[in-house]
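You will see chain A twice below: alongside chain B first, and alongside chain C after that.
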Partner chain A sequence: MMLFEVALQVLREAVRRRWVLALFIGITGMLLLLSFTLQLEVVDGALAASRLFGKVLGIGAEDAEVALRPLFAAGSALLFYGGLLFGIVATADFAPRLLEPGRIEHLLALPIRRWQLLLGTFLGVLVLCLSAGLYGALCFTVLIGTKTGFWMWQLFGSALLCTVAFASIYAVMLGSVTWVRSAATSAALGGVMFILGIIASNRVAIAPFITEGWGRTGFEAVTSVVPRIASLGLLAAHPDLDPERLAQLPTLLVGMGLFTVAVLTLALSNFESKDY
Partner chain B sequence: MHALEVSGLTKTYGSALGRKQEALRGVDLALPAGTSFGLIGPNGAGKTTFIKTLLGIVAPTSGELRLLGGSPKDPAIRRRLGYLPERLHLPAFDTPPSFLRQIARFKGVAWDADQIRALICRVGLEDAIDRRVGGFSKGMRQRLGLASALIGAPELLILDEPTDGIDPMGRAEIRRILADEVARGTTLFLNSHLLSETERICTRIGVLNRGKLVLEGPLETLRQPSPRWTLRFAEGAPREALLALGFEPQDTGSWQLEAADAEGLNVKLDRAREAGALLVGLTPELRDLEKVLAEAMQEAA
Partner chain C sequence: MSPSSRRLMVLPLVALLLGLAAWFMSRNETPLHAGPPATVTFPTEMTPREEARARARRTHRPPAAPNAPAPGAPVDPLLAVLPTDPGAGAVVLEANAIRNSPLGETLLACMGGRRQLDMMRERTGVDPLNDLDRMAITTEGVSLTGHFGEADWDALFPDASRSARGDQGRIYELPDEGVRGENRRAVGVWGNSMVVLGTPEEVEAALDRLEGGGPRGTPILDASQAYGEVYGVIGGDTLAMMLGRGGGLGDQLPPELRDAASRLELHADTRSDVGVVARFEGEDPTRVEELGKTFKGLLSVARAQAQLEGEPDAVRLLDMARVSHGEAGFDLQLAVPQSFLEEMAERCRVEHQAREEAAERARAEGEALPEPQTPTAAPEREEL
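And then the complex of A and B:
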């Protein structure tokens, strides 16, 4: 199917780029460094000591599963937020390159429909983001698992949630390119969405600090439609939260899904009628 | 059957400030299948807009348009045509085979490595087959672009400046390729600033000026509305008698004569022969395309 053919082309182009190689070398290098420097001593199921670069981390002897939770929480948060930020920077020029004069005309003269071109790019970038996240999660899990004998799958969930959050951000980035073909604008809008997503997650707490009236109403209106990035990040880092918070997950995912579909629909409608 | 039919095609661009610019102002054109058509005109005439409109890349404001009997919006129609844009941008990390394989996949053409290789050799890129496109010269990019347009044996080839940046030897190669394609039955739609190229490749010409097709027809007809003939006589021709008959001597040793029709020409020739001049060469005075374009522009103005 042409949609997948376009997505595959995006992936093929991505793997030929230096930054993708740098991403995988970076993830591998960081994990190798950790594997050489992090010393975890587990005795009879309890974490006796952990050292990083030879320094004791100050964790007393306790149940290894409990003791490792902060480590996995930190890893998950790093994967979630790091993945989002890296994704924004690294994929900002994908769509602008595809729409470059001399390339877009060539593509549009091929038997590809415009929606296939746009959604194929979206799909390809998401697969790339998910692959990088899963690779990092796999390496980190294997590293800790082989060192301690405890296997926790939390990071894979974090990689998946990161991809869902990135989908909503990338929809805005991709959509912006159908109006203004600029990698800088695309990256800037990705950054704005990232920050707005954190603010929107804390809108209830922030709203009282804004003077009552049109200011607060405006703030509440804007943040009501923005994906709750930080709320999802919190769930990614702490899946062991109380059930009430965990119950928010479906609502968060549906909200992000609706936002993504709405933005992509708007972008498609603009792309379909645009002259190149 | 017509490969291309356009009627009353207009395109008006609007700016954010409400200013409107008419790029195409009612273009009518019908090209029978197998024609080699050359579109010429000054910069800003709307040639590229016209080509993009034909391909559905630019939406027309009004008018009717049919390519190969269907709409250019239909992927099944686009599968049957090949297009080379004016400034083709190629992915820098691709090699010619990987780029062409991708285009073949997009076109739904199952070409194997040997066919791709043969096509690369056909456009003269065999020495650069393993090189990355990022290091290609403009001419090499054009050759690869042409190869991509030729994938899937298209029924209609739309080429925007195909020989731009290509050396003279390369141009001759490209001309041969295009001649082969036309001989195969492909309809060729060529836009080129190089009038001599257009003249050599195309049998039908259209002149676009300010968004209007001001002149269109077979090349020979457009080049020969002039009633002038160039003649060569054997040595010893009676100069005074020829001058008296209205023959005009040229620096090259030949003569020129203006005759409205074949009868008038033959009457003058008979008189010249009676005066002792022996005819050894007779050619119609053909106008070159530059002159055709200049005159069309003048008339349109």
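And then the complex of A and C:
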């Protein structure tokens, strides 16, 4: 129960922060802008005309699912990558604040185990990320659904995948704080993981450009461990991909889950051995 | 146990977890951008390769008109033989290119292999897979180009009446088997590179266009339109007949739009994925636009219907169908991805093999019986 208490405390603190308020205002503002500027006319499941900022995007009757697919793909990609970047920046100082001198001593004096403190923080941040993602997905889906009468649940999947990807990045950010108590370092490592995740997703295409030998082997070894952020992003934006690629999703999720557990185990071991 | 030694004990566990993570993430790993199949190339203009192909085919210099100072520029004989009536229609198939494409493999598999083609080669001396280059299907007969030097036409049509037409033309008029002459058929042979099939009048007119013997006119298909592996033009009368007659697409269109398009230009690229562009043009841009919108609606309805009826293949194909509006009309784009063709070919191969095995079994059972009570012609008919 203490684990959830800590997670709840993280959420309460997040609500008090302006960053989180900005996140929700940002999502709402973007969707409001879209709701005023995008005009979709749908007749019995067929998209008759669509306008964005007054400019006609297409005319004639087209199947609404086919016509709206690019819009949902763009929305999913925005939610996935935007959510990750905003999450890295917005949550970078959560853990350093938790461990700042004075506060950590107070927390450790309470009947809370160290692992509960660390995992509770991790859980709280993930719940925050998932809530923001689901809020964005819900608003976008309702916006398009009420305008067109066509409901697509793709964005909810994107929000879930974004949370899985963020979990692996935030595990590294949280782990770094147990060594260096710095929000800047935490954010930088989050950014590095984000970029490495994109490189790792393209490792099959990049590897042939590296000279065969220890260089390529090293690259392949390092990137094999890194979570495949862009692969997950592609699946979030295009759930209608070929079956071969979709079959990759379960192993990808298991792999990223194991990576997160491994990093958290290391962080926990370090946190337990620290003397505050 | 000291904290540092406890930390050292955790390291192997972390390494194991990371190793497992790497193994799971690397399983079935494919290049990131190899996935989406919806990247079919649509033939919208002539490529440099096709320009070179068209230039190389301008091998025939038609005789000069009676009052012309010099003979005309060399032309592609197949394009020169096409009808000149703007209301007619002609579609050219690059038979050799199609045969060597995934579409050709699929067609061969679905036709049931090469047995029938081998029979045709033995009978005529022409190997359709290697000797046939192009085929033009027109409203005034069919023309074939290729290497027909091995064919013994006199032996093939022993009962036909033979006549010469121009310098290189010969016409074999086949015996009339109809009651009032409606089955009159003729085969025109031009050199060793072209064969024309049709009524005697159509064949005569086609050879005259090549040899400069008849009335002069511009063929309905221009050399600049000869791109893709299938290309053609369908003129107003033929198009109106296609869209206006009952059944099929005609029934789906509102009557007031059936004659909105006066010309249809068709191009298909079959080199890997099959991309088809059908360009509709008409005199009244508003009505043509309305026709385009109707086509969009029809595609939309067809896709919804395919979804309801649980036909994933049709949904996949209709997903890639598009209507895009231009200044003179609209383009209807249809695509068949190579992966789909390969699946189709495999399905055809399996089905054909099963049919052959069933026929073989039926034949064996028929032979085993001393006096068959039931006719054993069913498998034979099935094969036909």
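Everything below uses one rule, namely that the second predicted complex is superposed on the first by the 271 of 276 C-alpha atoms of A that agree within 3 Å, B and C clash if a C-alpha of one lies under 4 Å from a C-alpha of the other, contacts with A are read in each partner's own complex, and residues count from 1 in each chain.
As a working rule, a residue touches a chain if its C-beta (ideal position, glycine included) is under 8 Å from a C-beta of that chain, and two chains touch if they have at least 3 such contacts.
Since this is a predicted model, take the numbers as computed values, not measurements.
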| item | value |
| --- | --- |
| Combined model on chain A: chain C and chain B, fit or clash | fit |
| If touched residues of chain A are counted for chain B and for chain C, the larger one | C |
| Partner chain in contact with A:E100 - chain B first, chain C second, else both or neither | first |
| Vertex chain A, arms to chain B and chain C (CA centres, degrees, nearest 10) | 170 |
| Partner chain(s) touched by A:M2 [first = chain B, second = chain C, both, neither] | first |
| Chain B versus chain C as contact partner of A:S273, first or second or both or neither | both |
| Partner chain in contact with A:P111 - chain B first, chain C second, else both or neither | first |
| Contacts of A:V261 with chain B and chain C, given as first, second, both or neither | second |
| Partner chain(s) touched by A:P227 [first = chain B, second = chain C, both, neither] | second |
| Shortest CA-CA distance in Å separating chain B from chain C in the superposed model | 9 |
| Chain A residues contacted in one complex by chain B, in the other by chain C | 273 |
| Touch list for chain B against partner chain A, complex | 13, 52, 55-59, 75-76, 78-79, 81, 83, 85-91, 93-94, 98, 102-103, 105-108, 145, 148, 158 |
| Chain B-touching residues of chain A, taken from the complex the two chains share | 2, 5, 9, 12-13, 16-17, 100-113, 273, 275-276 |
| Chain A contact footprint on chain C (complex, rising order) | 3-4, 6-7, 10-11, 13-14, 17-18, 20-33, 35-37, 289, 292-297, 299-301, 303-304, 318-319, 323, 325, 339 |
| List of chain A residues in touch with chain C within their complex | 45-46, 59-66, 200-205, 224-225, 227-228, 230-231, 234, 238, 241-242, 244-245, 247-248, 251-252, 254-259, 261-263, 265-266, 269-270, 272-273 |
